[in-house]
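Mind looking over this structure? Questions follow.
Letters A, B, C and D mark the chains in the order given here, with residues in each chain numbered from 1 onward.
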Amino acid sequence: MTSTPPLVFLSCGGTIEKIYQPNTGQLTFNESHISDWVKQFRISQPVTVEVVMLIDSLEMTDTHREALANSVAASQGHQIVILHGTDTMVESAKRVMLQCRDDQTIVFTGAMVPASQAQSDAFFNIGLATGAAQTLPPGVYIAMSGQIFPADGVQKNKTLGRFESTESDNETLRITKRKQTAGFR
Amino acid sequence: MTSTPPLVFLSCGGTIEKIYQPNTGQLTFNESHISDWVKQFRISQPVTVEVVMLIDSLEMTDTHREALANSVAASQGHQIVILHGTDTMVESAKRVMLQCRDDQTIVFTGAMVPASQAQSDAFFNIGLATGAAQTLPPGVYIAMSGQIFPADGVQKNKTLGRFESTESDNETLRITKRKQTAGFR
Amino acid sequence: MTSTPPLVFLSCGGTIEKIYQPNTGQLTFNESHISDWVKQFRISQPVTVEVVMLIDSLEMTDTHREALANSVAASQGHQIVILHGTDTMVESAKRVMLQCRDDQTIVFTGAMVPASQAQSDAFFNIGLATGAAQTLPPGVYIAMSGQIFPADGVQKNKTLGRFESTESDNETLRITKRKQTAGFR
Amino acid sequence: MTSTPPLVFLSCGGTIEKIYQPNTGQLTFNESHISDWVKQFRISQPVTVEVVMLIDSLEMTDTHREALANSVAASQGHQIVILHGTDTMVESAKRVMLQCRDDQTIVFTGAMVPASQAQSDAFFNIGLATGAAQTLPPGVYIAMSGQIFPADGVQKNKTLGRFESTESDNETLRITKRKQTAGFR
């Protein structure tokens, strides 16, 4: 008899983790806050937290993405939320797709406004990703802008500051319909 | 050709909406914050917001619950998130089950700590519910304590300050398994 | 050769110290935050902190006030800021006047909105009191509503939610003039 | 018979006014918050607010300082608090000294951590300056690091991140004594 695998949170840094540094006057990283946030969110199931790296996603190289993909593949978790900068989130999600196990539901999220700032979308986004990770079938997704997208069907619109589907509306409707007929109750 | 129905947020008040009132020195309601929060969360799809009532859920009567159930049934939305006090959330969810349409995914959520306070679980919970409302099949659910429960399989544990399944572990595993085989991609 | 006596902060609780308690859903006391605040304020001179009591000032008895007056008289400090509930702040200040040393500048302050809440006047008020404690001649004062009042010339206007002088304008001018000739240490 | 001149707040920007800008991901200026803060602080006497400029004090030129000095000299107020960046606060204070009226008590302040950030010293510092402006004799002062310094006897210690007296301890004592004999208006 085996125990339920934990809900896994991996942090790669990104805007969501940035905080004010009095010495430099800049918003940057000191340490990951994901462990504190999990407590604040009052999550009652078993949770595992891992800080993979703490960097701006514009500075991510192929080596960083390989490290992330290895961490995901090595994780015992079936439900994985990844905190990541928004600028190269899609690229990292596609890299993770190449290597993740087929029993893993992996949801990337981040924030347009750091969790440390007023008016932040951070905690809502982590919740959105956590809900998606527990309900969607295995695969790699991005949870941003109030929506959940498949990793290979989404792009960041930098002008509007939001994520949007790369698929036509009809395509989206078809997928939505398929989802509704599948169900689980 | 019809447009996508909006994502719907209904507020009934509850701890999540409470805010400090300098005149009385109490945490209570002045107005709903759900419209402001939707902007803060940077949700990009069409959203409808409705304030059904703003009360402590311990003060809810059958009449209040009937009003809520009527609002849900009258809503055009297929994906509905309901903000509600935690003390009678399960009771209201079961009441809504009796009357909601079979094309509606309805997710109740709330908070153990008001959104206006430090260390609040509010925004995470709204995100969790929003993720669930967009991915689960029609039905009525409760999203609290980091988990999503069917409305007829959950209770609030007041001693531990969290929501938990009323089903045995084996039952939970069976349901989880069914979910994994259903899939949608 | 003697060292400078420290700047002293005494806390008696009051609205300024209240914080949300998830277990009860009430704003009340857990522990004093004055030590954390002193760090946050980046005060560089020597500081001494003492928590005399943590209660709502409506619950203060003569015994409580005697304990406070004893703490003040026993303090080595010449510049003393006292955190106190607003409802009986004037009464306590007058009690301390009976017993304090003539080398002590004592400034009471508090808040209409707890420091833990948005839109709080708490930190401004502590700053106001700290500025007054370092510049006014010995005596007992109240720093609230953006002003500094002598303890025996001020009252709380509960209707307007602010502190105001009990003296007529002419009276105030006369006293101001007296202060001008008195100098300050 | 004349009315009391108002308490005056002038803002020049500086770290204290910086706020997160989602478009750029930087902490910078959008508009001054001093009017909102004055409401939050519940100041009950007449107050005048003027935004002189909103810039980083490292970018201040002689022209900027002249504009500030002109604003001060033109103000009807006798009690003036000036929000200013910390890096060149002393330089600006000395420039204002050359031109201010001898019925004006002028207190510069700012913050090491923006008011928009957690753990900010901003509101305490504004309170400290407001207390000093109402109690000290005419002159130009700097209120930072929990202390009030004469403008010509203070420097910013960038290594320690605080303001400190430029005078030896003995010198400080002598000046304190001089202040004692001078009285205050």
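In this text, contacts are C-beta pairs under 8 Å (C-beta built on N, C-alpha and C of every residue); 3 or more make two chains touch, one makes a residue touch a chain.
As the structure is a computational prediction, the values presented were derived from the model and not from experiment.
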Taking each chain's centre as the mean of its CA atoms, which one is most distant from chain C? A
Taking contacts as defined above, which has more of them, C-D or B-C? C-D
Just give me the whole-number Å value for how far the CA centre of chain C lies from that of chain D. 23
Centroid distance [mean C-alpha coordinates] between chain C and chain B, Å: 44
Residue numbers in chain B touching two or more further chains are 112, 161
What topology does the chain contact graph adopt: line, ring, star, complete, or other? ring
So which chains end up touching which? A-B, A-D, B-C, C-D
What part of chain C is in contact with chain B in the complex they form? 15, 20, 22-23, 25-27, 112-114, 116-118, 161
Can you name the residues of chain A that touch chain B in the complex? 4, 7, 37, 40-45, 47, 103, 112, 119-132, 134-139, 143, 145-148, 150, 160-164, 173, 175, 178-180, 182-185
